[in-house]
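Next up is a structure, given as structure tokens.
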Amino acid sequence: MYKIDLNSDLGESFGNYTIGMDDKIIVSISSVNVACGFHASDPVVMQNTVKLAKENNVRIGAHPGFADLVGFGRRNMDVSPAEAKAIVLYQIGALYSFCKAQNVELQHVKPHGALYNTAAKDRMLANAICEAIYEFDKNLIVLGLANSEMINAAQDMGLKVACEIFADRAYEDDGSLVSRNKEGALIHDEELATKRMVRAVKEGKIESITGKDISVTAHSICVHGDGENAVAFTKKIRKQFIAAGISICPLAEIVY
Amino acid sequence: MYKIDLNSDLGESFGNYTIGMDDKIIVSISSVNVACGFHASDPVVMQNTVKLAKENNVRIGAHPGFADLVGFGRRNMDVSPAEAKAIVLYQIGALYSFCKAQNVELQHVKPHGALYNTAAKDRMLANAICEAIYEFDKNLIVLGLANSEMINAAQDMGLKVACEIFADRAYEDDGSLVSRNKEGALIHDEELATKRMVRAVKEGKIESITGKDISVTAHSICVHGDGENAVAFTKKIRKQFIAAGISICPLAEIVY
Amino acid sequence: MYKIDLNSDLGESFGNYTIGMDDKIIVSISSVNVACGFHASDPVVMQNTVKLAKENNVRIGAHPGFADLVGFGRRNMDVSPAEAKAIVLYQIGALYSFCKAQNVELQHVKPHGALYNTAAKDRMLANAICEAIYEFDKNLIVLGLANSEMINAAQDMGLKVACEIFADRAYEDDGSLVSRNKEGALIHDEELATKRMVRAVKEGKIESITGKDISVTAHSICVHGDGENAVAFTKKIRKQFIAAGISICPLAEIVY
Amino acid sequence: MYKIDLNSDLGESFGNYTIGMDDKIIVSISSVNVACGFHASDPVVMQNTVKLAKENNVRIGAHPGFADLVGFGRRNMDVSPAEAKAIVLYQIGALYSFCKAQNVELQHVKPHGALYNTAAKDRMLANAICEAIYEFDKNLIVLGLANSEMINAAQDMGLKVACEIFADRAYEDDGSLVSRNKEGALIHDEELATKRMVRAVKEGKIESITGKDISVTAHSICVHGDGENAVAFTKKIRKQFIAAGISICPLAEIVY
């Protein structure tokens, strides 16, 4: 039977600032990436997001990022591997605390924003992040970009890995994402996007921007938690997966 | 046999800023309170401080404070109980992560600065902090000011409590500390200070500022980690405890 | 001829977080209080807010707050007068820079949130804030709560003062605001609210919560920049002022 | 007559953290670069540093950096030109406020750390910084690395520029600094270092790491404010300049 996880970055509100439609999205996903206070979120928001996930039976992952609140963790920072390891350990522990207090397990770790993007290409950084995860708990699943150095680093370290693909993004022939600056990088046609995802799960193939079929491993699809269309699209993709005989289930039931 | 713990607030350096003589003090104490990044410290410093404690066989406690780096957590902030609980959970978890990665246990929690002082008098705040500790791990020891609301709250919640007294501070008749603004609040005479501490441990008594004998429970003595005299004084008090037949051992061997 | 200023706290967005309907409110007000990066806002938001104000011919004031982004400057912090003076100077200068770069004047200073509320009652804090304003530019107008220590401090220092009153708040017999915790503190009836404001401007009187007429000096009315009703209410109060023969003009044309 | 400015980065303490020997260095320099609270310093420290400079008749410059306190502004951050311009405007204004309150002028602006290093090579970033300076006050002097894009950008914009050279650094044939990772990058021999500086000022020449004579423009020498040898070296270089007939005077008397 075919299985796929739907993950979303939630818990990104901060103090007086509210972002995302967490309570609307949570009902349609199987895994949630919870911001840990460095690029977004704060302790109260983290507590509430863990509660929301628990109530909706959605599995929880830490979503560590660079210490750059004003840049939302999207600006690359030149941190050393030692610093990267330490900030990831810190953030995993902080989120773990709210899980432990509420008696739910931590399922996975997915780096955020610039940390995610840089670690996808920079093996040293990827290694540092994976060491942090391994030392905290070697049973945590690493959720990363399919075909990335992050996935390679995690596999080499003996960690469980889950590959995510993006419904709204085009792919290069080598399996990497087409840069947002390039024409055709974003797939706006929802019908097409969902069809591509269904095929990726069932056949392990996706058509690249040049028209070639490329192989992809898809354990999870990342869906947005904000934007006007996010809730409707998440419901739609969920429905079409089910219609295609693909069951939506958390990472821990796919990767083990 | 008489026992006492010596605790000190270490790991208060931050980025490029170094504070304290951690490696000199650590050899003389039995428990260390490690700053958690809100009022002092950063992830790299926390990692190094846990390593230093482990190497010196010193037991580790979380030292959570207000989110006020520029004020070093010494300025009171009007946080709600819910906010206080969340910031304590966050900080305990963050420190726990470095302990787990290095395979050492977390022994206790001691609030820092204004959070410590306000929770000593404000039962609502004390309750919030104790709830965080209880929900994270009900076997953690709460280290607080002897005769304080913090100790009362922890006891009522069924947590293990350890009371600390201060070698360099005078006491009021009711067992509270004489305010730093008052004449005679600080005890500068080291001979007198150590004698008072030995007596507090052996007899459970300390002479108040008015000359009355008052009862104190002393599980731990707090010694400073910076200041020109800190290292010498810590060695001296340690020596005199041993000379008086009092053994220095971590909280976990005193309170259980 | 009767005159009143309408002021609003805008420019409170931060990085990826958007708050307030600044471009909808700005067209109806005469003075804007711009957050300065401590409790809200960031350098890019400040720059854009100054631009927006300039384009709409609205006069600009600095809106300094406590360094508490996660608490939006609403939690009291125990800062010393010296610290308060320094953080106010810092924030005024930061905003001034964007004004100077865009060739517009700084008109006034209004403390934010807990700094505003505490300075309304604490003369030491009020003095510290006023010293900062005076030393930066003694021609700046201090915008504060009518009948407050902030106004007293500014007047005694020889600064120009402007008193603000609140359309949606009830008043005690002594001219202070009824605490939000008390029954009847908020005036939800918009008709009543605008009538009270018109009377306050024309007669210098407002009915207290006990039904007594009390004297108020009203140079400015504070209107909200967010909330579903803010834009409509601001337009309404503006219209009714004009209908009552009261002209809306910036503080600098009222207080000089 | 030969003239040179001695500049140093001071005012880098933060809250409870003290760094640098500001009061010992200030007596030997002619211009001070004051940290502005993003990579180091806080409002109280800024106020005190301006006071110290004024008392010692040393001219003041803003030393803006990336918003990275834990990294001391030394880690490159991928900011957009618009963000860079806004953070520079913000920081210049913040420091200007303390100058204005104490009735001293702002003389110059020198970017700090990674902002300095990146702007030396990246013309877009250099332009953004120079725009901020120009819009705040086109009479401010831009202090930058000799032969850098920062200097080029400032000159093209019509700003006054001052070039600084480093006593303890070796130079490449093209006039750039030898990277710290390369053998021979640092000049530890103080005699040699001061001789090189004297020659640079008098002859406009410095011997490169390959032994070639290269041309340099030297308006200012940067001396360290911390490190065990900083005070002694600064006194020594000062004495040798004077012995060589070179007068020490602030930038504003050299570049105009």
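Note that the chains take the letters A, B, C and D in the order they are written out, and that residue 1 is the start of every chain.
Following the convention adopted for this analysis, a contact is a pair of C-beta atoms (placed from the backbone, for glycine too) under 8 Å apart; a residue touches a chain by one contact, two chains touch by 3 or more.
The structure presented is a predicted model; accordingly, all values stated were derived computationally and were not measured.
Trainee: Keeping to the contact definition above, tell me which chains border both chain C and chain D.
Mentor: Chains that touch both chain C and chain D, as defined above, are A, B.
Trainee: Between B-D and A-B, name the chain pair that shares the greater number of C-beta pairs in contact.
Mentor: A-B
Trainee: What rotation angle superposes the Cα atoms of chain B onto chain C, in degrees to the nearest 5?
Mentor: Between chain B and chain C, the superposition angle is 180 degrees.
Trainee: How big is the gap, in whole Å, between where the Cα atoms of chain B centre and where those of chain D centre?
Mentor: 43
Trainee: Taking each chain's centre as its mean C-alpha position, how far apart are chain A and chain B in Å?
Mentor: 40
Trainee: Would you please write down the residue numbers of chain C that are in contact with two or more other chains?
Mentor: Where chain C meets two or more other chains at a single residue, that happens at 42, 70-71, 83.
Trainee: Which positions of chain C touch chain A when the two form their complex?
Mentor: Answer in residue numbers: 14-17, 19, 40, 42, 69-72, 74.
Trainee: What does chain C use to touch chain B in their complex?
Mentor: Going through chain C, the ones touching chain B are 67-68, 70-71, 75-79, 83, 114.
Trainee: What residues of chain A sit close enough to touch chain B in their complex?
Mentor: Listed in rising order, the residues are 37, 42-44, 46-47, 82-83, 86-87, 89-98, 100-102, 132, 135-137.
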